[in-house]
Amino acid sequence: MAGMTIIVKTASRLLFPFVLLFGIYIILHGHLTPGGGFPGGVVIVAAIVMLLLGYGADAAKAKFSPLQASVSENIGSLILVATGLLGLFLGFNFMKNAIPLGTTGNLYSSGILIPLNIGVGIKVAAGLAVILYAMLTAFEEEKK
Amino acid sequence: MDFGPGFWGPIVATIVMLVGAGLACLMLLGSRRIAKARPSIAKRSTYGCGEEVNPEEVTADSEQFYSPIRRVFKPFYKYIQPGHSGKLNTYLLWVVIGFVVLMVAIALVLR
Amino acid sequence: MNVDYIVAMLMISFGLYCLLIKRNLIKMVIGLEILTFGIHLFLISMGYREGGIAPIVTGTNPASVVATLGVDPLPQALVLTSIVIDVCVTAMLLSLAIYAYKYHKTLDMSEIRRLKG
Amino acid sequence: MIEAAPILAIIIPLMGSFLTPLISILTKRYKKERIRDLFVVAITIVTLLLVLYMLPTVWNGNIIVYRLGNWTPPWGICLAIDGLNILVALIVSGIAALVSIYSLMYMKNDTGLGKYYTLLLLILASMMGVTLTGDFFNMFVFFEIMSTAAYALVAFRRNWDSIEASIKYMVMGSLGASLFLLGISFIYNLVGSLNIADIAQKISIIGTNPMPLVLILILALLMTGLSIKIAMVPFHAWMPDAYQAAPSAVVALFAAGTTTVGVYMMLRVVYTLFGVAALGAMLIVLGSVTMVVGALMALVQRDLKRLLAYSGISQVGYILLGVGFGTALGIEGGLFHLLNNAIYKALLFMCAGAILYRVGTTNLDELGGLSKNMPITACLFTIGALAISGVPPFNGFASKWTIYIAGIQAGKAFFTLLAIIVSVLTLAYLLKAVNAIFLGQRPKRFENVKEAPMTMLFPMMLLAVLCIVLGVLPSLGIDIVTPAYNALVNQHGYIHAVLGGI
């Protein structure tokens, strides 16, 4: 896949930061509005898919390499586990919401939900990217 | 533990079996010493259908190993074995049939 | 009459039909998806409440209002979890379909049957 | 920290599976890949130690209830561990530790081992999760993780056969999981709860005598989903394919781990969730059918791993039969057979893997005369074969004998006779396998075949010793499964311990 026409390329280049920002917004406001880690991660990976379709696989891999994807996937899941273990280390049970809750409605509220959402977001975005790259590799082996 | 009528002592039985195995071993060794005839060269080569067959290449067909038992359970192999045809749709059909069977069986048992 | 339950059961039946009748692997995956989405619809319509609000505690909707008016959030959580699992399974099935096509040059599952007996 | 052992037994392998890719990347860079392998072995052994730590508490008759996030059970997720869980957790973690040691050598020549070990730890974590959790939806999620990891492990080598087997396994398994999810959604619709103890309490209020139609539908949906996992006839078709195509180390884990977990879930659903011990009559019939079909199909196989897979199907039938008799002796015999089945099935598949590792094929027509080259493997395989066919003094005899006695005591002489006949058939097809592999003429090209390496022989020897010990001292095995039996029949104790008198 060498990429598409200039219209697609320009549109995806212009839209890319905004889609990325929208994904991050959904992740960060997961505890306040509908959304959260999984939808936000999917939106982020949609931005990568846009690049991939517009500019081809190589451009997408230059932006976000498969190695980066698999490393950040594991980091995302480690964030989840670490957040859960936090309660254990503070003397409560696993997954206890042990940090201060903050006021309802603010961006900083509801304790460990924010790190959980961020972890899920990273995990989902990177994981779906890994899946996409793996399927692309399978297709490329097919062509050879 | 209640094993019902009868006696079963695993340790005693094991010792008895080990003794039996030792006796059998001795008998085997003894018999081997007596009948230690080497086959002549003429006996070694095997002929099958006019051709000389290398005995090392001859192996029993493992699928037909128990052909008498296959004959006993002929209806089973006639109807069940074609079911394992490797077709995914057949397997899924079995799942659905099995679900219905389970539902009927549960209804029969519990109502 | 509750329309969403009927639609959910229809979707489950269609998915099952698709799995049993269709031979193309991709179509079977689609059937599996329809089946799963039927179950999701069934789950999500269980938590639905006529005139309910989103079960999110905000400044205008305090916890007491959400408890009386909000829809049941648990089925939504279940469906979200189930969707995540479903995405993984589908992605893996489709990846394997690519490999299956590579080895067998077909996606017809009645021809991919070298393991049998 | 150590009182959090229940959750740590799930979290440590899970965290290990997340860390393994990172460690894999690092060790690949510095060319020290053995560190990654040893890390995985360490994780599995730590999991086993955690289970062993919980063992005395549970065997004293307590039920450990661990509340996630300090939420009280009907609302929050909790882990509830009674005698039944701990038996299954012991089997699963023990076999996983042995399999990880076995994999050190067996998988040495494969590429992408980082992914393999990740999946191995993931399947261990999910099996522990299914086993230890007290929440029904949580159980489903772990069950699905387990299944997905299993699909990936079957397809790990990406040969034509593993791809085909994985596709079949995955489509059937997903259908089963969907039906299971449908059952869960019906349960939630009916009782509005997902905690096992809470559901059990509410179902006992609804009453199961006579059973309402919706409960029958739910039970059928759940049983279908689980039957696919434990490969009960007629849901067994994926199992021979998957076991033939997957790497042998993985198959040993499947045969001993996922099957045990599936049987555990079925027992949990039938006895704790619904409290319908009367369902035993159905389990007897289905177990007998499973037993007979598995044994008869195994008789005509050409491939060793396929033969062993059918034999595994047949053995699951014995477990269901024993549990289905419903008497104390029968259930204890079934649970004992569950333990024994895990031991000798893992042993046999590891032997098959050793043969595959050294010879390169498991086709019975091509093999022959290997006892001169691989005497230890031959001896271990024979021990496993005799144990599985119920020849004294091995452990299979003890559990099968218990099941026969229970069957006669329960007045089900026909099914007992069937079980004995199937036992003879088991001996027949395994002797065929022993004959075809280790005895007879040795083809010339196998002259330089060496004995399997020590790292592979060690887990096999350990399992063989267990086979003999549990056969010579069967009361030891009965002692191990008695807490599980007590937990299984004590539905009210489970509900009371989890809900705390609410």
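A, B, C and D label the chains in the order they appear, each numbered from 1.
In this text, a residue touches a chain if its C-beta (ideal position, glycine included) is under 8 Å from a C-beta of that chain, and two chains touch if they have at least 3 such contacts.
Predicted model only: the values in this text are computed from it and were never measured.
Novice: Could you compare the number of C-beta pairs in contact for B-D with that for A-D and name the larger?
Specialist: Between the chain pairs B-D and A-D, B-D carries more contacts.
Novice: How far is the middle of subunit B from the middle of subunit D, if each middle is the mean of its Cα atoms, in Å?
Specialist: About 24 Å separates the centre of subunit B from that of subunit D.
Novice: With chain centres defined as C-alpha means, what is the inter-centre distance between subunit A and subunit D in Å?
Specialist: Using C-alpha averages as centres, the distance is 35 Å.
Novice: Averaged over CA atoms, how far is the centre of subunit C from the centre of subunit D? Could you give it in whole Å?
Specialist: One centre to the other, that is 28 Å.
Novice: Distance-wise, how many Å sit between the C-alpha centres of subunit A and subunit B, to the nearest whole number?
Specialist: 55
Novice: For subunit B, which residues are shared contacts with two or more other chains?
Specialist: Counting only residues that touch two or more other chains, subunit B contributes 81, 84, 86, 88, 92.
Novice: Where in subunit D do residues touch at least two different other chains?
Specialist: 167-168, 171, 175, 240-241, 300-302
Novice: Taking each residue of subunit C in turn, which ones touch at least two of the other chains?
Specialist: Only 19, 28, 99, 109, 112-115, 117 qualify.
Novice: Applying that definition of touch, give me each pair of chains that meets it.
Specialist: According to the stated criterion, the contacting chain pairs are A-C, A-D, B-C, B-D, C-D.
Novice: Show which residues of subunit C lie in contact with subunit D when the two form their complex.
Specialist: Touching subunit D from subunit C are residues 12, 19, 25, 28, 32, 35-36, 39, 42-43, 46, 74-75, 78, 81-82, 85, 88-89, 92-93, 96-97, 99-100, 103-104, 109, 112-115, 117.
Novice: Can you tell me which positions in subunit D touch subunit C when the two form their complex?
Specialist: Those in contact with subunit C are residues 137, 141, 144-145, 148, 151-152, 155, 158, 160-161, 163-168, 170-171, 174-175, 177-178, 181-182, 184-185, 188-189, 194, 240-241, 244-245, 300-302, 306.
Novice: If we count contacts the way the header does, which residues on subunit B are in touch with subunit C in the complex?
Specialist: 81, 84-89, 92-93, 96
Novice: List the residues on subunit C that touch subunit A in their complex, please.
Specialist: 54, 56-59, 80, 83-84, 87, 91, 94-95, 98-99, 101-102
Novice: Show which residues of subunit B lie in contact with subunit D when the two form their complex.
Specialist: Listed in rising order, the residues are 1-4, 8, 10-11, 13-14, 17, 55-63, 65-66, 69-70, 73, 76-77, 80-81, 84, 86, 88, 90-92, 94-95, 97-99, 101-103, 105-111.
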